[in-house]
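Presented below are the structures under discussion, each in the form of structure tokens.
One chain, chain A, links the two complexes that follow: it is found with chain B in the first and with chain C in the second.
== the complex of A and B ==
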């Protein structure tokens, strides 16, 4: 064993690849189901009235959002970290038994945390804060998982051979620090068992139940500072980390401008944290804060497009690769969707636009062209690039991958176009009134009009899910059915027919 | 000066300070091809492109390990 040359050790990366795929299927599957529930309400009780508690939209919706954000996406972030981190720091996990132990511990605690989240949310146990529904015992477990990840990051950096930190590492560090700060502050909560009511009762409520330390408008502000920056530090920052590594690597092209990547990094860090106020336009938060949220959202276009343009220009003179490789197609479309949703978001954050867009399906559409187009595609591409290297096998099927790309792209287009139309229709109908100020439409009128778009959205989501199942199958067959690659893989990933 | 007023002034000057730092950094990047250790910024892309464990680091952690 001593005489074997040193190799990167992908054990932990492989473990997280499995949870990425499994939790992706779970989260997207629930998403498709609840999309159809909105179009066909009878699905809420499809498994019988007795089970309706577990199958209705409101019980399943947080399971969908948390499974895709903190299951699929976080697993993808961890999997790529345990792959990219070693490679750009030029140090193997095999060199440190301690870091290997921490990595595995992080994985298994994460799996236990996910199980606790799934069970508690199915049971209806929730703090009722969006994307922060977990009660305090689970919060503590999540903090432990996060600290372990931090030890992994800084431990690996500590034993590195490459002195400089590649731009992706900056983004992974920012993810770690950003989420740590956001999560701690938004989840400041007091278990009700420690409280005493004015009447003198103690030990109120279940042992796991807690309430937020903040009240009213303050709670809303902290919640959306968290909520929006969860988008920043889970759906944006680590995904940029991935594309800055995987696109140059797969295409063999150096980043178009490394300097621009540094500049956009600091730009993004500087601006993103102020934009959360746009979730609270026309609410009880101070007017200046709403305006600040709008302005910073618009400024956010600059650093976002800085990264996205940098990625597209990396392919300069190499566009034949986009035509030839479905793997590169995923990444180029991901950065295109990144540009698209980082333009759409600021537009929605402008106060006059928000007057129509707020609370409508257009917002849901916006989230999904970011998550399906940018986050989903980039994680899929990253795993496709990693698979031949971690399993030392050629990818199972290029044509299956190409078919998946087109099916999922069609799914995304159906999703966001239907939600645009639905959202703007909804917004206009809610506002319409006659000359005396009487509302022109009832809520049910809007529901009738939106039905076809909800159906289309469900079909779009279903196509994306079908594509994801093809991805899972392709990776599974790569693991099990392809010949072993002997030579070290450089750039383009080898693919079977 | 009340604590709120103090916080407001502090906040304002912090923002001005951060803006100055950010723009100085932008200017620095615009002006210089190499960073303070003499490495061309664009060479750092090779940290990803040449990332086999046996590849030579762009900037090794110490001279000793370079050999």
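== the complex of A and C ==
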């Protein structure tokens, strides 16, 4: 008994893999649709004038951001946790009925929460705060899901055999704590049904409606402290957790430097939270906070590049694997996009650059080279690595995976280049004055010029979506193939179980 | 120390939490007391304006329009005086936005009229031929949720001390009072009075008829709100 390798139980991981793919298709599909709505506004009514209320850009935009952030990405984070967690802690979910129950409960509550979010956002029930649009009843459900995940993390850690926590676990713990803190504080709100009219009436109006505890500038400050760090703790920290596990596993290489990973981890934890102020440059929040936001954004290059360089150097001497394996390609390009995005962000956070970049599509471009290139590619790579091991079947098609890689890479390049040009062009036109000191362009002039870039961006997004559908098909065919009997999987990694 | 922490998950988690919570404490806490003082002349929203603000949020207008004028010549030339912190003192939630697919709206009430909005919201191309903004025709038939707007006003007054029914100092030294209804029935009456004022400058006969019958289409509330942005 003692000498047999552990049988890990991937029941919950499989469930979250399914939602990762389904919500990815939904979120990216909506994204492509609204991208084309900006290029061709007639699309707002393409499903009929009667449905236009639900299919126009402004109603769908929060659905897109929330579906990809809290649908696709969060599912990916949970799926990888329920895979990686067991393996690096050397303990199986099957060993604890309690943790298995918690995991399944977390999944089903999550699915219910997602359904509630979709319905409420379609109906226009929103708090308006970006990435925190949900009204209080859904907020409570989200907190419950999060607490269940916390129980799962610390429960599994509690019964672990491997005493020392691997780097990935640090990042999963940080994700849990960071998001918990940010989400709670940003969503402090008072349900309006609690108010009493002077005539003594109570429970007036919509029961789900609430208003923020903070007003005006304070609300903006808390929102972007949250908004920026939601990026940190959903799009960065857990994705680093993934790459620290999957890249060494897939390549058979040990992490290049433990000290670099220490520096990057604690550096990232300390620095990231300060940077939220860069969303509020030249706004009405105090100057010192804006300056801190700027400075710490530049400092943030250090821990970000620390992780990325650590990943790239892990491949030292093994670069032929990049040519040979599409899966390694995904991860190496993900680290590269991470470096790229974490250099671009600090540049945009410099006050004089931000004066041009803020409110333009350059910001949208920046978000997408990070999310498509880094987050998307890493989650796709993780699921590709997990699929053969979880389903005990060979991966359906490696060449399909390679084709997907190139199509999606082309999509990302089209996306960010068109958005750079669009953003900088518009930013420059907004501020241009003629020789008499009058504004050189009307606002409409600066919109007209964007049409070709909006079209290109839509095509870029469409290519990425096509690649994602290829990924979904590949995983589906893998799941539904005949199981491999007792033989060693060809693409099992050199490091073994 | 790090090796020790990595074997002791509890202390590890505490350490991580302290390190990430640090920035928030330093940045957010000291600013809270002073940043929310209103500038002279800032009034809370009237009932119909509040309902219009809710319509603005319901349709995510803030996805494409900012309400924050930065202190640059190009912005003050285009949109008016740059925004001041105290002007937002009663904004729950804030609506600064993060993307200008369309222009800033913080002072749109200074240079657009009820007539303009009425045409523009139904079909933006009718006033801006190359506009990429979609039309919002459903606002002309959907009924405004006055009850929720009233509950929002009450919540603002009861939980956050927003000065309804109290004298507010104005720039010229006088005082103004923003009245809040005493009951749901009175609220409906007040909203209707405000709505009549707005529709007197509108052309759409169905909207006029609806208001005459005591119903307020969402467009009326939205225009009341947009006109209040100055």
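We take it that the second predicted complex is superposed on the first by the 466 of 497 C-alpha atoms of A that agree within 3 Å, B and C clash if a C-alpha of one lies under 4 Å from a C-alpha of the other, contacts with A are read in each partner's own complex, and residues count from 1 in each chain.
Please note the rule applied: contacts are C-beta pairs under 8 Å (C-beta built on N, C-alpha and C of every residue); 3 or more make two chains touch, one makes a residue touch a chain.
Predicted model, so just to flag it, every value in this text is computed and none were measured.
Peer 1: Clash or fit: how do chain B and chain C relate after the overlay on chain A?
Peer 2: They fit side by side.
Peer 1: In the overlay, answer first, second, both or neither for which of chain B and chain C A:478 touches.
Peer 2: So A:478 meets neither chain B nor chain C here.
Peer 1: Check the residue A:433 against both partner chains and state whether it touches chain B (first), chain C (second), both, or neither.
Peer 2: second
Peer 1: Have a look at where A:163 lands relative to chain B and chain C in the superposition and call it first, second, both or neither.
Peer 2: In the superposed model, A:163 contacts both chain B and chain C.
Peer 1: Between chain C and chain B, which one touches more residues of chain A when both complexes sit on the common chain A?
Peer 2: C
Peer 1: Looking at the overlay, what does A:266 touch: chain B (first), chain C (second), both, or neither?
Peer 2: After superposing on A, A:266 lies in contact with both chain B and chain C.
Peer 1: For A:206, decide between first (touching chain B), second (touching chain C), both and neither.
Peer 2: second
Peer 1: Report for A:8: first if it touches chain B alone, second if chain C alone, otherwise both or neither.
Peer 2: The first partner, chain B, only.
Peer 1: Considering only touches as defined above, state whether A:196 meets chain B (first), chain C (second), both or neither.
Peer 2: Only chain C is touched by A:196; chain B is not.
Peer 1: Rounded to a whole Å, what is the shortest Cα gap between chain B and chain C in the overlaid structures?
Peer 2: Checking C-alpha atoms only, chain B sits 5 Å from chain C at its nearest point.
Peer 1: Same chain A residues contacting chain B and chain C, which ones?
Peer 2: The answer is residues 163-164, 262, 266, 270 of chain A.
Peer 1: Could you please specify the touching residues of chain C with respect to chain A in the complex?
Peer 2: Going through chain C, the ones touching chain A are 2-3, 6-7, 9, 12-13, 16-17, 19-24, 27-28, 31-32, 35-36, 57-64, 66, 68, 70-75, 77-78, 83-85, 87-103, 128, 130-138, 145, 147-152, 154-156, 158-160, 181-184, 186-187.
Peer 1: Which residues of chain A touch chain B in the complex?
Peer 2: 5-8, 87-88, 90-92, 160-164, 166-168, 244-245, 248-249, 252, 254-255, 257-259, 262-263, 266-267, 270, 488
Peer 1: In the complex of these two chains, what residues of chain B are touching chain A?
Peer 2: These residues of chain B touch chain A: 18, 22, 25-26, 29, 39, 41-49, 51-55, 57-61, 65.
Peer 1: Using the touch definition from the top, list the residues of chain A that touch chain C in their complex.
Peer 2: Chain A residues touching chain C: 37-38, 41, 44-45, 49, 52-53, 56-59, 61-62, 124-130, 154, 157-158, 163-165, 170, 173-174, 177-178, 181, 185, 190, 192-199, 201, 204-206, 209, 211-212, 214-223, 225, 262, 266, 269-270, 272-274, 276-277, 279, 282-286, 289, 292, 296, 355, 358-361, 363-364, 430-433, 438-439, 443-444, 447-448.
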